[in-house]
Every structure is written in C-alpha cells, then in structure tokens.
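Two complexes come next, and they have one chain in common, chain A, joined by chain B in the first and chain C in the second.
Coming up: the complex of A and B.
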C-alpha cells in the first residue's frame, strides 16, 4: 500500500481547482499553473524512483480488498509515461505564456490544462478497466474545453466532429466493458488476467478484444478510425495542439498496449495479427497524409498517425525486442511530437501562415531555430544516435523475429518518407529565397524558443544516452511480457 | 410578455421551500439509504431553476448572489480534501472514517466522513448545473 502513486493525479487536480477560483488574476494563474505542473513532475520522478527500487506499486482505494475496490497500479511503464506526460505538460505551460493570448489565459485555460493532466496521469495509472473509462472521460472533458477554447470558427466546426466521434467511442467503450464484465465477472485488470485464461470459450473473448481495439483505436487514431484526427487537431492553437498530439492519442496506444499484453492474449494468432496488419495500414495511411500537404501543422499531425502505427506494430509482435522497442518509441514520440509542434508553432508565428509555399530563407535570420528543427526532424525519422533510432531498431528486430517480417520492411521503408516529410519543412521554411517575416520581439521569441530547445535537448539526451534509460525500458517490458508480476503486485499486497 | 403568472409565482413561493427541504432530507438520507449529494444537489438546482422560470434571472441573482464557478471549485476542494485526509493517516486513498455518537435530539447517530465528501459533491452539482443553465439561459 502506497498513496505515493496517486500524487501525480491529486496534485494537478488540487492546483486546477485552486485556479478556478480566480480566473482573471493573470500572474497568479501563470505562476500557480507552472508550480502545479512542476510539483507533479517532481512527484512523478519520485514515484519512478520508488517503482524502480521496490517494484510494482499498487493501492486499492477505500481500503477495499483488491478485486473489489478500484486498484491503482504503477508499474515501470505507467511510471515512465506519467513522468513523460508531466514533462510535456510543464513545457506546454511555459510555451503557453507568450503564445496562447491573455484572453484565453483568463478564461480557465490553465485549469483545463491541469484537468487534462489529471485525466492522462490517471489513465496511465489505473488498474481497473472501468476506472480507465472514467479517467478517459476526465481527459476528454478537459479536451472538449480546450479544443473549443477561444471559440474561433474552425474550432467550433471541428469541436462538433470531435465531440461526436468521442461520444460514440465512449458509448462503445461502456458497452465493451459491460460485455467483458458479463463474461468474466470482474473489471480489475489483474483479476481479469487471472480469470481470462480459465475461460474456455475464447471466441466471445476474441470478439470483446476486437471491440476494445475499436474503442481504443478511435482514441489512438489507428487505420481506419483516424479520420477525425487531422481536422480536429488542426483547429486549436499550437500549445493545445502540442498537448493533444503528444498525450491524447498516446492514452489510446497505452490502453491497447496494456490490454493486449496483460489479458487479451487468449487468441494471439487472430488478435495480434490483426493488430499488426492494422498498424502497418496506419503507417501507410499516415505517410500518404504527411506527403500530401503543404501545411506545417498538417504534416506533423500526420506524423502522429505514423508513430501510432509503429508503436502498435511492436506490441503486436509480443516478443521482448518488439515490446521494449514500443515502449522506447512511445516515450520518444511523446517528447519529439511536443518539440516539433513547438518548433512549427514558432515558424508559423514568424511567417504569419502555416503554408509551406509562402515560407523561405529563415536560416539567415534565425539560424539556431533552423538547426534545432533539423535535429528534431532527424530525431523523428530515427537517425542514430538520436532518440527515434533505438526504439525503431528494436521494433524492426522484433518484427524480423516474428511472423510479420514484411511489416519491419515497411517500417524501414517508411522511415525515409517520415524523414522526407520532416525535411521538406526544413527545405521550404529555412532554405530558399527569404520571405518577409512578421517582426517579433526578442523576448517573446526567447520565451517560445527556450522551452522548445530544452525539450529538443531532452530528446537528444534520451537518444544519445539510450543505454542509461534501457534498464527502465526493459524493466517495463518485462512486466508487460510477464503479467504474473503485475497480478501479484495487485492481488497479493 | 408574461402577463398572467400570478399562479406560477404564488405556487413557486411555497413549492421552492418544499423542494429545498426535500433536498436537505435526501442529502442526509444518503450513504446508508438512497440519496446523497448528487441527487440533493440536483433537487436544489431544480428549485433555483423554478425560481428563475417564474421570476427572472436578475431577481434570483439578487436573492442568491453566488458565483457558481467558485461554488464548484469549493465543492471540489472539499471533496479532494476529505479523500486526501486518508493520506495523512497513511491508509489507502478514499478510506473513510465513521462512528456512532449520542447526540441530543437525534439520539444515536452515525457520523461519517463520507458526508463531508458528499457535501463537496452537492456543491459541485449545484455549481455546475447552475453554471450550465445560466450560460444557456442568459440573454445578452
């Protein structure tokens, strides 16, 4: 029993509530939001250290015994994800100061960001499938607020789509949970992992597993359920886009990772092969989008979809390199996507447009920005020694060890397309004839640029120092591949 | 526009108090029997909405000068604080404490820390419902 693992959920909740009381006090809002996100990050790091030292942490709320109460479980994977999402939220808060606008800041922007953090951290930590639904709803509520925040015309249009898609997928989620409960009689994930292998009718469980894949697929934006993502993510301003792009789809990916390693393993030949095929189709669909547009935001948004496919392909292999690679790539992708959105946000502000064809020559006036972007772009494509490389290498290795070796070849080939799509932004925006830029005060530029550079630096450290992080990653992979560690931590506390 | 709402207004003056009393009853009935902060809050909100329908928003805001967003925040704070008190006593989060007391007039009564949590829920429900209704119902 340890309440420590709840701190990354309670602290942002507490700060969000405090911030609701005085929405108009701009300075106080900024300071408290930064402190809230910072303290959350510290508590997440302490939690990671604790999990690393003492193994999987679990607490069942309200002192109920384990399969009956709501269990919260922090294994290495969830602790790593909580740390990463806390880092990103902290930087998004810093990046918001100069970019989001005073009007938005004074109408509950920071509380909404912190509520989103509550939902994301909660979804990563929970050990109960219905509670996962609840936390997903918490983060969706916050994201509904954020996507429509400011009330610009495209935001209103896209928020209707976003709401509709998510309400339908949430309804399906509840239905799928009800089916699962009627078959197994439990919703505690550890208990499910015990009960599901004892059930002989795997047919009905396979159907439920595919239903969950559809539900989480809506959130994670897999093929063909990603249709809502490019439009919806395009409409809100850059800090919100960075937050969504880095965190929201990853909750869906995490949920698939968790359920498809912990308990939906009764018919791997069908479910995981399906997952692998869908993952590859997701990558291909994302590649088409990433090359098709001349809009910086759209290009990076389609790269989110590609990354989702790559991560899920590693999970579908269900072997050690594949799973380790997926975890590494997941963490890398959260960080690099936030960094890239920050960078294209600066570029878009400088040119006053997001259209690549109206840009050019930025390398002469902002050389550091250009080289930072190039490093981030290489990291995204997975050029060694940057952070995209170790994860992708392991995933490809996992694919070659499994039956879906053709998938690994597709991933290798599409890496070139990812590189092309990211470098295209570099070529159009930084090379070529200089185009007149919007004058920007140096202090404002620095306020935007400093969090960005630090975030890019973190991804570089994550890639170059991959050896340092590998023990955490393989520890997380070990728990995923041996559900008994997870089960024992929850049921035998 | 409203020319003949004497009946409604007169009835409201009585009915509102009945609804509010019933809300209090339902609120305290909670935990062991059906009821609690959520239903109590909804009942209270419905009483206020009835007032708004039969009189108008400005009058009601004059008698009940609350900022409903702040009310929501205070309710949430109360709920979190009750749940988080378990951290200080080093028991799993959300563990509640209760005991039986002999109170004058009431006799033997069970006092439960879940009631504090429910009071938070009550404030949140009233706050959120009224914020939504005011936002939708207000004219510029």
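Coming up: the complex of A and C.
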C-alpha cells in the first residue's frame, strides 16, 4: 500500500475533527483521543517495518510526477521519529486524564493535542520545503492554543512572547524559501538536492543555509535564539509541557538535520563548522541555566537546550558515528524528556510546589517513584546501560574523528553537569527531612505513575537493547550521509 | 522593477522591526502584519516579475507571457496562515489586556515567584 506513509498524518487529523463535534462528552473525548493516538502509533510501527523491509517510501500526491507535486517521503529517520512522537503523544494523552483538569478537557484539549500530532508527523514526513512550512504552522497553531489553554495569567503573559517569536521565525522561513526558490527554481527537497550542486556560485547558497539555520534555530532553541524557551515552557501545565519539550524543539532539530545533510553540503567548511560551534555554545548556555535554578521544571527545561546542542554537534561532524549518534540521541532524548517531565510533574503535585528548597524526604513515602526518577536521571546523563549512553558515545567518537575534537571534550565534561542537575532534584526532593506532602488518592497517583513507569521502562529497553535498534539507526544514518538514496527514491519515475 | 520592489520590501522589514521593538503590544502586532506583508511581497518578487498575463489558460497567449503561478499559490497559502495567526494574536492581546490590565511589554516580564 503506497499510501501507508500518510496514515500517521491522516488518522490523528480524522480523530481531531471528530472530537471537535462534542467537546463536553468527557468519557468519549478521552476514549477517542486514546484510540486515535493508539491507532496512529500502530500505523507508524507498520510504516517503520515497511521502510525497513523495502527501503525509502515516497509518494507524490495526486500522481503528479515527482518535482511537480508535493512529495511525502518516509526514510528510516522520519519513520523512527514518527514512531517516537506517536508513542509520546499516546502517553501524554494517558497522563492528561488525571492531571489536566475537567475544565480544560472540555474545551478542545484533545483535538489540539491530536492536531499537534498531525503537524509533527507531517513535518517529519514531508519532502517539500514549503509543505514543511505548512506543517510547521499546523503544529505551531496547535501549540499556541495549548500554551494558552486555560488562560491563567502567567500563560497569557508568556504565550504573547511565544507567539511573537514564532511569527517572526515563520516570516523568516517564508523569506528563506523565497530566496531558495529564486536561486534554484524548485521546492521539492530531492529536486533541490539535485539542483544545488549544479549551481556554481556557492556564496548565495551559504547565505541561504545560514538563514535556514536561523529559522530552524528559533524552533530548536539553539544558542543565541533560545531566549524565549525557558519562560514560555514554564507556564503551561505539565502534560502540555511534556508534549512541547519532547516534540516541538525536535522538529527544528530534524529540519536542521535534513537540510544540512541533504542540500546544504556545498560549503561544509563554513556551514558545518558554524553549526558545530553554535552547538557547543548551546550546550554551555543550557548548562548554566540547568545549574542556576532551584526549580524542577526550569532544570529539565534547560536540559532540553543542552540536548539540542549535543544532537546538532553530532550532525555538524557529518561522519558516520556522529550522524548515527545524533539519531540515537534524538530518539532517546524525546523519550527521556517526556518521562522526566512526567516524573517532576508527579513530584510537583505531591509537594504542591516546584521549588526544590521546599521539598524533601519523599523516598520514605514513595520509594518506587524515587528509584524510577533515579533511573531516568541516570538515563539522561548517559550512564552506560541506559539509553543516553550509546548516542553520546557515538557523538563523542564522531567529534574525535572529525575536525572538532575539542567539542567532544566539552560534551563529556558537560555530561557531569547534566548528571549533577538531574541528581540535585533527587537529593533535594527524595532525601533529607520529610516535608508534608499534599494528600493524593492512590488511584490518581497510579493513573499518573503507570504511564510514567512504562515510558521510563521503554527508555531502559532502548538503552539496554541498543543492539536491536542499531540496524534501524544506521539505516537512517546511511540515508542522511548518502542523499542519492533519498533522491533516487523520490525521483524514480 | 525587482530593484524597486526590493527596496520597498526592505522598508517594510525595517518598519516591522522598529514596531516590534516598541513597548506597546498593539504596535508589535502591527509590526508582525508589516513583516508578513514584506515576506509575501518578497516571495512574489523572488519568483520573478516577468510575464504579462495572469496564470489563467487563455487563447492567444504564448507560454512565455504567463506569470509564474507557483509563487502566487505559495503567497495565497502564506496569507491565510498569517491571517489566522494574526487573528489569534489579536484575541490573545485582548484577553491579556482584560486579565493583566496592561499592554506595556515592560510590565509583562518575569514569573509570579520571580527569582
């Protein structure tokens, strides 16, 4: 079935439209949202199996020949990302039941989540640069409604800034597409990858490459453009924050990965060195923030910025271990960030505050929660059997093989800071003198805790069973490093 | 012609940046409007301003006379998107003026328990 790669986009779209008809029917909303996310996940897994068996899948909408219609392309990287984002959305839906509140649930919360899923899956699957812009707008529009959903004062205040930053970056995206179109005369990514090497004046293309780095850097929160993220992500409730932290910045990271491996390879000495330096600065800036705050949400939010830097550093090396490591670390980071936000969400609910200095002694009353958090924190820092390790190992190896060996040293050193920032939450919240906790019904706790534990377990399996997943990941890395596979799959007719 | 358009677009971007750096929220929203106008005109200009006939198939018009239809389709898409986002932004500004009682960006800083 050649239309299989459209299913992860169409299914949540269908369910979101259905859910908009009866916003007040709480049970039906919950059941249909869970079914929608679940069916999407199943179709994404089938798609991944298909891509793994038969190679890159491409379909051009409306049966037009490839550069003229809109191509949708599913290579191993995008299929893996679609599977991961569907897993996360499914767990966010489950985690939302006890935490988000009936009032929010009855005002189009689940449709917005599913529309966000449409945008994210579409952005991962598209093979057309303007269609990428449209899918990014779909997910941004859903994220605008989610970030202000509930209309509390901090949410209103911060969503103004979030909107403004994203409107500016979208306008720059349109301008960048305009420049690229005037230079190459095409918008299809595979066709761009064919046309760009034929252009002899690389100066203008380097300018456009940097412009795209600015555009996607706004979305991905790279070093000088990350200023909007800590404030904006702090305001919405935890399930929305987990969804944003796990998915939104990663779309920007994916877009940088795609553009910087597929078509902006004409002046690697400048563009990729710039990307490497910016990645290292991003890591350092994130580390400063992760150590500076005594607030559980702020600490994890700054860890998003660190991870973006680590992933982009691997891409900047443009060698096989670096790219493979980036892909592994990207998948790991999406899962572990969602798990960590779920965990700190439970901790924040139990203490009724996010301030670390007002917490303590939780290990006596909630030992399982404590040990789960510790496993997740070690996974984040990259302690060997867990999921953060293989990706970071490969990225560091790629850095030593590439021109920027000093970057690998910075990544190794900052891993300690990541560990410190995550373990600090453990020390403050779980050790020490017990502080009085908010009484919580056992069933509510379980409803929050079970999806969290399963998600942490998935990250553990992902780390311990890295051998199982490496074939998929090296397949994805191969397509990134040899764009001809991608081009041939799209322009085959 | 492209030169004149480029200069005009440059002015639009300049005015947009100036307005978006001001304190009042409504001036910022007007700035985003000018920014998207600039981006849309840039898309039209960068597609090339050649071609005298609108891209509608008609008798007696040779292919070289048609204007490039692709940028026009892109602009149409970008216009409705920016229209939707702008209307959302305006309602958000209205709601936050009701709730927070100010439209001054200097007073919209920080968090409730600011450290």
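Convention: the second predicted complex is superposed on the first by the 491 of 493 C-alpha atoms of A that agree within 3 Å, B and C clash if a C-alpha of one lies under 4 Å from a C-alpha of the other, contacts with A are read in each partner's own complex, and residues count from 1 in each chain.
As a convention for this text, contacts are C-beta pairs under 8 Å (C-beta built on N, C-alpha and C of every residue); 3 or more make two chains touch, one makes a residue touch a chain.
Because the structure is a prediction, the values reported are computed rather than measured.
Asks: Answer with first, second, both or neither: which of chain B and chain C does A:13 touch in the superposed model?
Replies: first
Asks: Quick check for you: in the superposed arrangement, does A:21 touch first (chain B), second (chain C), both or neither?
Replies: After superposing on A, A:21 lies in contact with chain B but is clear of chain C.
Asks: After lining up the shared chain so the two structures overlap, which partner does A:144 touch, if you call chain B first and chain C second: first, second, both or neither?
Replies: In the superposition, A:144 touches chain C alone.
Asks: Mind working out whether A:174 is in touch with chain B, chain C, both or neither, as first, second, both or neither?
Replies: second
Asks: Would you check which partner chain A:63 touches, where first means chain B only, second means chain C only, and both and neither mean what they say?
Replies: first
Asks: Looking at the overlay, does A:486 come into contact with chain B only (first), chain C only (second), both, or neither?
Replies: A:486: touches no partner chain.
Asks: I want to verify the contact counts: of chain B and chain C, which reaches more residues of chain A?
Replies: Of chain B and chain C, the partner in contact with more residues of chain A is C.
Asks: How about chain C: which of its residues touch chain A in the complex?
Replies: 20, 25, 28, 32, 35-36, 38-40, 42-43, 45-48, 70-71, 74, 77-78, 81-82, 84-85, 88-89, 92-93, 95-96, 99-100, 108, 111-113, 115
Asks: So in the complex, the part of chain B that touches chain A is made up of which residues?
Replies: 69-70, 72-74, 76-77, 80, 84, 86-87, 90-96
Asks: If we count contacts the way the header does, which residues on chain A are in touch with chain C in the complex?
Replies: 130, 133-134, 137, 140-141, 144-145, 148, 151, 153-154, 156-157, 159-160, 163-164, 167-168, 170-172, 174-175, 177-179, 181-182, 187, 231, 234-235, 293-295, 355
Asks: Along chain A, where are the residues that touch chain B in the complex?
Replies: Chain A reaches chain B through residues 1, 3, 6, 10, 13-14, 17-18, 20-21, 23, 59-63, 69, 72.
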